[in-house]
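I have placed the structure first, in the form of structure tokens, so that the comments after it can refer back to it.
Each chain carries a letter (A, B and C) given by its place in the written order, and its residues are counted from 1.
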Amino acid sequence: MRIDPNMVPSLLEELQQSQVSLNTALQQVSTGLSVNEPSDNPTAAASMVQNTIETGDLDEYTQNVSTALLTVQSASSVLSSVVTSLTSAVSAGTEGANGTNNASDLQSLANQVQGILTSVVSAANTSVSGSYLFSGTSTNTPYTSDPASPTGYTYNGNNDTNSVAVGDQTSVQINLPGSQIFSDANNNVIGSLSSLVTALQGGDTANIESATTAVDSALNFVGQQQVFYGNAETQLNSQETFLQQDKVTLSAQATNLIGVNESTAATELSQAETDNSAALAAVAKVLPNSLLNYLSSPS
Amino acid sequence: MTAIAVQDRKAKAAEYLELLRSLASEMEKVMQAIAHNALLDLEESVASQQIMSARLLVLADEISPSLKSNSAVSPAGADADMVQQVQAAGDALQKLNRRYAALLQHSSRSVALMSSLFSSYKGQFKEASGPRLKHQTWSCQM
Amino acid sequence: MGGLNTALLIGIGGLDAAQGALDATSNNIANVNTPGYTREEAQLSELPEYDSANQITGGGVTLDGLQSIRDELLNMQINQQTSLQNAADTESSSLQQVQTYFSSTGTDIATALSAFSSSLVELSGNSNNSAAQQGVLAAGHNLAAAFNTTANGLTSAQTAANEQVPDTVSQINALTQQIAQLNGQLAQVPAADNGGTTQDQLDQAVQQLAGLTNISVTQTNNGETITTGSGTPLVIGNQSFNLQTAAGPGGLEEVLDSNGNNITSAITGGTLGGSLSIANQVIPGFLTQLNTLASQFATAFNAAQAAGTDSNGNQGAAFFSGTGNLSNAAANISVALTSPSQIAISSDGSAGGNGNVANLSAVLTSALPSGQSPANAYAGLVFNVGTAASNASTQSTAIGDNLTQLNNLQGSVSAVNIDEETANLLRYQTAYEAASRVVSTVQVLGNAALNMGSGTSF
């Protein structure tokens, strides 16, 4: 049964990928060809050494991409919520500086900002899979309260970053240190919130205004830091696609070199069938699981 | 690539595969012929081999697409099953070919030795007849 | 250049030597009718010493004479090829065994290297996960074990070949004694019998001897003189000369002549030549490559460890040990760390840093002092082992066919027609020339990447 080529022209490439894998897997199971000893084909046996290593690594790179995506997406989401919190703080500050508040109003606003500060610190201390997102490479809790500190909090992490291997020559930095995001010298999120609380409690309009401006500035700053995580996510996603293609290539290379033994072939067949089903389902809701013959390709 | 070109390529690939297998079979035959000094079988087999190998060269050229028209998409007209079979048949043929080459070298030497013996005997020298002739050392230049 | 004398063609023992000689011979085929060859160069030794029963006939060629020399020539070739084939067989069966250590068995080095590499990649993404750390340690153990197993496999094949040497030498001595005795008996055989069964027994014994070692056979008035490839006497007349063996410094057997001179390197053919080649050259070559890889890999990995800090806050200690002595680095390599916490993960000294994992992983993809990455160095070794095994097997089979051919020729013709024989030989040469063109064409087909549009080449 043939698929009308006009139906899904832009998705043909994905389909062909999975169909190739499926065809290959089917054929491997039926022929069970294999090179068993180096003397059967010395060149192929030698090439397979590299192929074996790359294939093994590739599975791990794929895992690392998943793990890294979780980290990066979590951090990004935390920062979004921080931006939301800071927006509320700016509103509170703006209200506090409008000159119509009495002491009780101002105290209420101060409490509100204090609450925001606490939640921001809590966000900064988020951990995922047992690791802090914003402590640099340290395992210490990023921010702890410290009465001696002007901001009321001390940063216990460091300024270093970790990278994760997601490809042979490719690694992706997956974190920014908390000190860079939340307690930067010029745009101190925690410090500015703390100062706003103090200003609101103090009641001086000019102070409140300048403290609010500082928070607003910190808000913009956080928005800029978020870009790092967005970029990392993009990079990881495209690496994921590359790894999938690479897997097909390596698998085809292995087939060309030595064929495969039965158990591997059976495993790959069921995986290829799964992938193929997923690809077909993604293209159109209901499609028969037919073997595509070769449609015209760009030449 | 047009659909016609794809079909044409597939037909050629099938012929290529058939020829690889036939040539391998012919090589097995010819090595047996050499071992049994079946000169006529040897000559006939070599003639067939020459025709087949020439055709294989031509087909190989026609099947391989121009490198300039490479497409990032996977198989443009090639059947993965066919690729695998051609690969396997090609490997088997190469293995036989190495044996064939070795046998030709060894047997060529035998032929060369015998040939020089017979040409050195072309009425060019006399020898004694009689007993113990076998136990004499003789030499001729090769 | 010497004559077509059996002595000339000795030295064609080991396969490489045989190739060279074969090439030289096939070049010489053009010289068959070279001017300069004159009747005077054809020597028939000891003729004047024969008694008056011999007649020298004038002119013409007697077919009897040609027949017997033809048979003698065939006999010589059969002996030489038997020598070559036994050497190839001996090497082939040893290499078949050796190469199983380099197949994808699950405990081979390629599999272990792959698992080790993967464990490091996993560590990169999960550096503070104890399971990932333990995984690296376990994979390291498996890799060391794979090196050990492979080295031990090579060594035991070497030992097996080495142990064959004294046995084979005993067999050689038994045969040379027998030949010497037969030479003596031959002198007693009435001339009219043309050697009779004694000659047949002699031929048989000589062929058996040729199967054990490469020899040179010269016909003399006192029977057959037999020497080794380099001229060491084995049999002269009714006297035989025993070979001996003695263990050399590394435990490898050496072959000595009856005066105690070491003639090991002159033994290139027969079962003995095959055993010596395997024990003294082929396997040592593989072991050197393996040991070099183990030693350099361990050194490089330990250096990467030292560049980082482990989970206990200490500078990374050596991961592998046992490779100090190059001659047994692969047999002895083992993991020196006793705890996963000793893996040097961090590069900045911080507890959560993973910067040094990249350095550890890089060892697998960077060139070792030998110039290749560990994977490529090992792949090269696999290729060498596979090629050696394949070549030995190919030669053995091909020579077998050639031997069948020679035996068929020897047993076939009772009367030789020179013209017909010459014409046939010409047809063979013509057919072989055409056949070698087919061989070249097929090689070209194999070398060319037949791109059937799959995006992967052959």
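Methods note: contacts are C-beta pairs under 8 Å (C-beta built on N, C-alpha and C of every residue); 3 or more make two chains touch, one makes a residue touch a chain.
The model shown is predicted, which means the values in this text are computed figures rather than measured ones.
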With chain centres defined as mean CA positions, report which chain is farthest from chain B.
-> A
Pair joined by the larger number of C-beta contacts - A-B, B-C = B-C
Using the mean of all protein Cα atoms as the middle point, what chain has its own Cα mean nearest that point?
-> C
The distance between the C-alpha centres of chain A and chain C, rounded to whole Å, is 56
Interchain centroid distance [CA atoms averaged], chain A/chain B, Å | 58
Averaged over CA atoms, how far is the centre of chain B from the centre of chain C? Could you give it in whole Å?
-> 25
Residues within chain B bordering two or more other chains = 71, 74-78, 80, 83, 87
Among chain C residues, those touching two or more other chains are 390, 454-455, 458
Enumerate the residues of chain A that touch no fewer than two other chains.
-> 40-41, 252, 256
Residues of chain A touching chain B in their complex?
-> 13, 16-17, 20, 23-24, 27-28, 31, 33, 40-41, 44, 248, 252, 255-256, 259, 294, 296-299
Seen from chain A, its contact residues with chain C in the complex are 36-43, 45-50, 52-53, 55-57, 59-61, 63-64, 67-68, 130-132, 135-139, 158, 160, 162-165, 168, 171, 249, 252-253, 256
Within their complex, chain B touches chain A through residues 1-3, 6, 69, 71, 73-81, 83-85, 87-88, 91
Sort out for me which residues of chain B touch chain C in the complex.
-> 9, 13, 23, 30-32, 34-37, 39, 42-43, 46-47, 49-50, 53-54, 56-57, 60, 63-65, 67, 70-71, 74-78, 80, 82-83, 86-87, 90, 93-95, 97-142
For chain C, which residues count as touching chain A in their complex?
-> 95-96, 99-100, 102-104, 110-111, 113-115, 117-118, 121-122, 124-129, 346, 348, 350-355, 357-358, 361, 364-365, 375-376, 378-380, 382-383, 385-387, 389-390, 393, 454-456, 458
